[in-house]
């Protein structure tokens, strides 16, 4: 990893995030993870994607103790930087605002998270089963903690 | 010699089923058709309808969604039909054995509908094209044995094929 | 002719044509393989394919109309056998025909296509019915120019609907092919034969590059073997039909054997070449081709032949 | 995707593209809604293929995971492990020895060559040039052989490991690598000329299934699909890894976004890949090939590399234990395939197969599994065959309109000359 990301961009990027009360969790060469309040996430994403030429690589969902962490990976290709915006969706809510209406590329990604982790994306035009088999029981999510293969018997 | 088995050896119509494979086996199967290996020399051709098939080439782990379709497919073929499990996944689920979305092994799935099915196994991840041709040769030998043994009931399984 | 002799002729003619058909099919596959830098199958491959299918089980699709589904391949084969035997007999013994046998042979050659349509419809498979509808349209399109081309030959050989006379007149005088209208009619008939054989560019009834699917999707085992054999027989029989009508017939005695063989091989190679160098047409394109292009050409040939006949100009 | 209503005049026909075709190595499972000859809407049903690799991965140790993820997809089998390994190396903060970097580069680029040639063959098949299919696969063979020689397997190479490479490629084999890639240069050049000069291919490919620059950004596409729409992204340049910043090569970009541009990108990239391999062989230093990573500290990181089809993106989280806590895999096709909606709607049905093939979709990547179809349902769902046939017919029609001989006739003699 020879050259590092353009510093000025990271500064600008981090200032923007700090204004929205985001916290930088880890920062390595050319990539960083930032924790963002759930209400600020979608406007931030929209801003980065439309103004800063960012590209949504994918969304990762992780089942943690208090709920589900959603990690939005943004690639700033011009600046050799990958930023990961992290939000925590509480178990009691299990829902998140969908970004598909303005970013159609996120459609499959959100449907996959819906299938595997049970997060409901509100405003998604087609929140249907995508990658699990037809005989998979409703309400069993394979990537949640404590999932056992036996639970999924049809 | 039994003419049925003799002619079966000389002319194998193959139908390829991808039951959840990673493409490695599939591209190697296609490789067999191309000039480098050209299996049409031995009378082996790919056909478009399972009704015409003498050999079902099954690749992949047989996922939950695929299981029923694989059985249905096998029932549609005209017997005698050899099932050839290509690759470690089709053999014994390979690296995916513990995954949550895979069904039973391919041979179990087939045996469920036909206990006497003739099943050949080609190990390797993926098997080399040579190993697949070797598997065909071994299948011929097995067919010879079956021809000699007829009309006794068909032996359950083929020996493992060396290679890869 | 005695009944015994007729049966004998039927068996001999059918088997001979079948063997010829196996070889013709092999030539076809081998040439295709060589174009693609492959070696291709051994010479006995088509025969072994059929023998193998004979030994296999017949699967009845649940939705199929049983009897119709199974009997149609046999009827098609019977039609091909009868047509082929009539061709052989009338070529070899010029006197035995009857008036109108040329028309009967034409009918008989249409039977395999008709039974294919019926069988495909009976199989209850959507693929097959799609193929059947195409086959039907194709049949409607090529029969007309083929019949007109046949008329040209009949006019040239004295106006009789007897194959014996068509052949006899050509062997005494000159071949139908040795005139402008004859050449035109021959070319029209050659393309119609291509369609009858279901070869590229007119193979839309059975979909892609593999030998099957389409109308034959649901067939397996012996019925499929019968279908294959019928097709192989046609591959041998239709060139003979062309030779009979336009090129002075087939003779199996003395030097003319060689001439007959050369004619057969030339026509077979022509058919294979057309198949290997041409794209597949869409069904509407082929309808347009047969109706708007071949039929006028055939009519032109007919006109020329009539004029030639009227004014005694042999080369027209 | 929005749900589909009946057409206004009710003339909307559903053509589900049956997912199985004898000559296509992967099944596809599309539903096209067609009015007349024009595609008006489409949907994708891909639930057949899920194997659950992400979950399985959390039960393997860090060193076992590369063997698992290279089985995500057979054609990208060097890039998936590499993306994972990059993520883990970032967590560890270890530096890969230069020799290992160059050797990883060689294998990924050899893979790119064989993958692109495979695509050319399949595209030729879709357009009705079956001979091209046979030929392209024939030229691919030396690459497969050299990969077997240097890694031990024709597919699934398992050459990279955390901190270096699993098996050093001995210097004696370097000449063989150069010879193998050189043998590809001529045929690829010839195929490129054939594509660029061929009027029929122009008619079939230019302005077909155009993915506009805006759509490419909205659908977040990557790889050749994006580069053909004028989005100049390439992970090899934008986030250089291995030896890609140490060798000289170009990112191929075309602004048009049609199928032709995608074909051009792939063909020209093959040359770049050959160049990279030759430079990597030339510059490869002697020395260690393994940094000797002992354990993985807690942390999280992403790793992404450029697969033949686009960006392969992995995210790994470690809690300091033996296994990853979470391992997210995003294959390039997962973002490229949905862009069909932008590129195929409004197209002629006959163009859809080639438009789909243009993305070089990889369904086992997309679902981390593969689709199959039995003939019963396959029949009900009609056929990719039919569609391909339509595509072939269209090529022939153009050939005819332009008064041109079939492709094989035009290019066959030249090719044979070349190979003689």
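We just call them A, B, C and D in the order they show up, numbering each chain from 1.
As a convention for this text, a contact is a pair of C-beta atoms (placed from the backbone, for glycine too) under 8 Å apart; a residue touches a chain by one contact, two chains touch by 3 or more.
Keep in mind that what you see is a predicted model, and the values were worked out from it rather than measured.
Trainee: Shared touching chains for chain B and chain C?
Mentor: Touching chain B and chain C alike, sorted by label: D.
Trainee: By mean C-alpha position, what chain is farthest away from chain A?
Mentor: So the farthest one, by centre of C-alpha atoms, is C.
Trainee: Which chain pair has the highest count of C-beta pairs that touch?
Mentor: So the pair of chains linked by the most contacts is B-D.
Trainee: Using Cα averages as centroids, what's the distance between chain A and chain C in whole Å?
Mentor: 65
Trainee: Between chain A and chain B, what is the separation of their C-alpha centroids in Å?
Mentor: Whole-Å distance between the two chain centres: 42.
Trainee: Using CA atom averages as chain centres, what separation in Å is found between chain A and chain D?
Mentor: 25
Trainee: Nearest whole angstrom, what separates the Cα centre of chain B from the Cα centre of chain D?
Mentor: 28
Trainee: For chain D, which residues are shared contacts with two or more other chains?
Mentor: 22-23, 47-50, 52, 55, 134-135, 138, 375, 385
Trainee: Can you tell me which residues of chain C touch two or more of the remaining chains?
Mentor: 36-38, 207-208, 210, 213, 217
Trainee: Which chain A residues touch at least two other chains?
Mentor: Residues 132-134, 142, 147 of chain A each touch two or more of the other chains.
Trainee: Looking at which chains touch, is this a line, ring, star, complete or other?
Mentor: Looks like something else, not a line, ring, star or complete graph.
Trainee: Can you list the chain B residues touching chain D in their complex?
Mentor: Result: residues 15-31, 33-36, 46-51, 60-61, 63, 65-66, 69-70, 72-73, 76, 94-96, 98-102, 125-126, 128 of chain B touch chain D.
Trainee: Applying the document's contact rule, which stretches of chain C touch chain B when the two form their complex?
Mentor: Of all residues in chain C, those touching chain B are 29, 33, 36-42, 44-45, 48-49, 51-52, 54-59, 207-208, 210-213, 216-221, 224.
Trainee: Spell out the part of chain A that touches chain B in their complex, as residue ranges.
Mentor: Counting only chain A, the residues touching chain B are 132-136, 142, 147, 149, 152.
Trainee: Report the residues of chain D in contact with chain B in the complex, numbered from low to high.
Mentor: Within the complex, chain D contacts chain B at residues 20, 22-23, 25-27, 47-53, 55-56, 59, 67-68, 71-75, 77, 118, 133-135, 137-138, 141, 144, 153-156, 362, 364, 369-377, 385.
Trainee: Within their complex, state which residues of chain B touch chain A.
Mentor: For this pair, the touching residues of chain B are 63-65, 98, 100-101.
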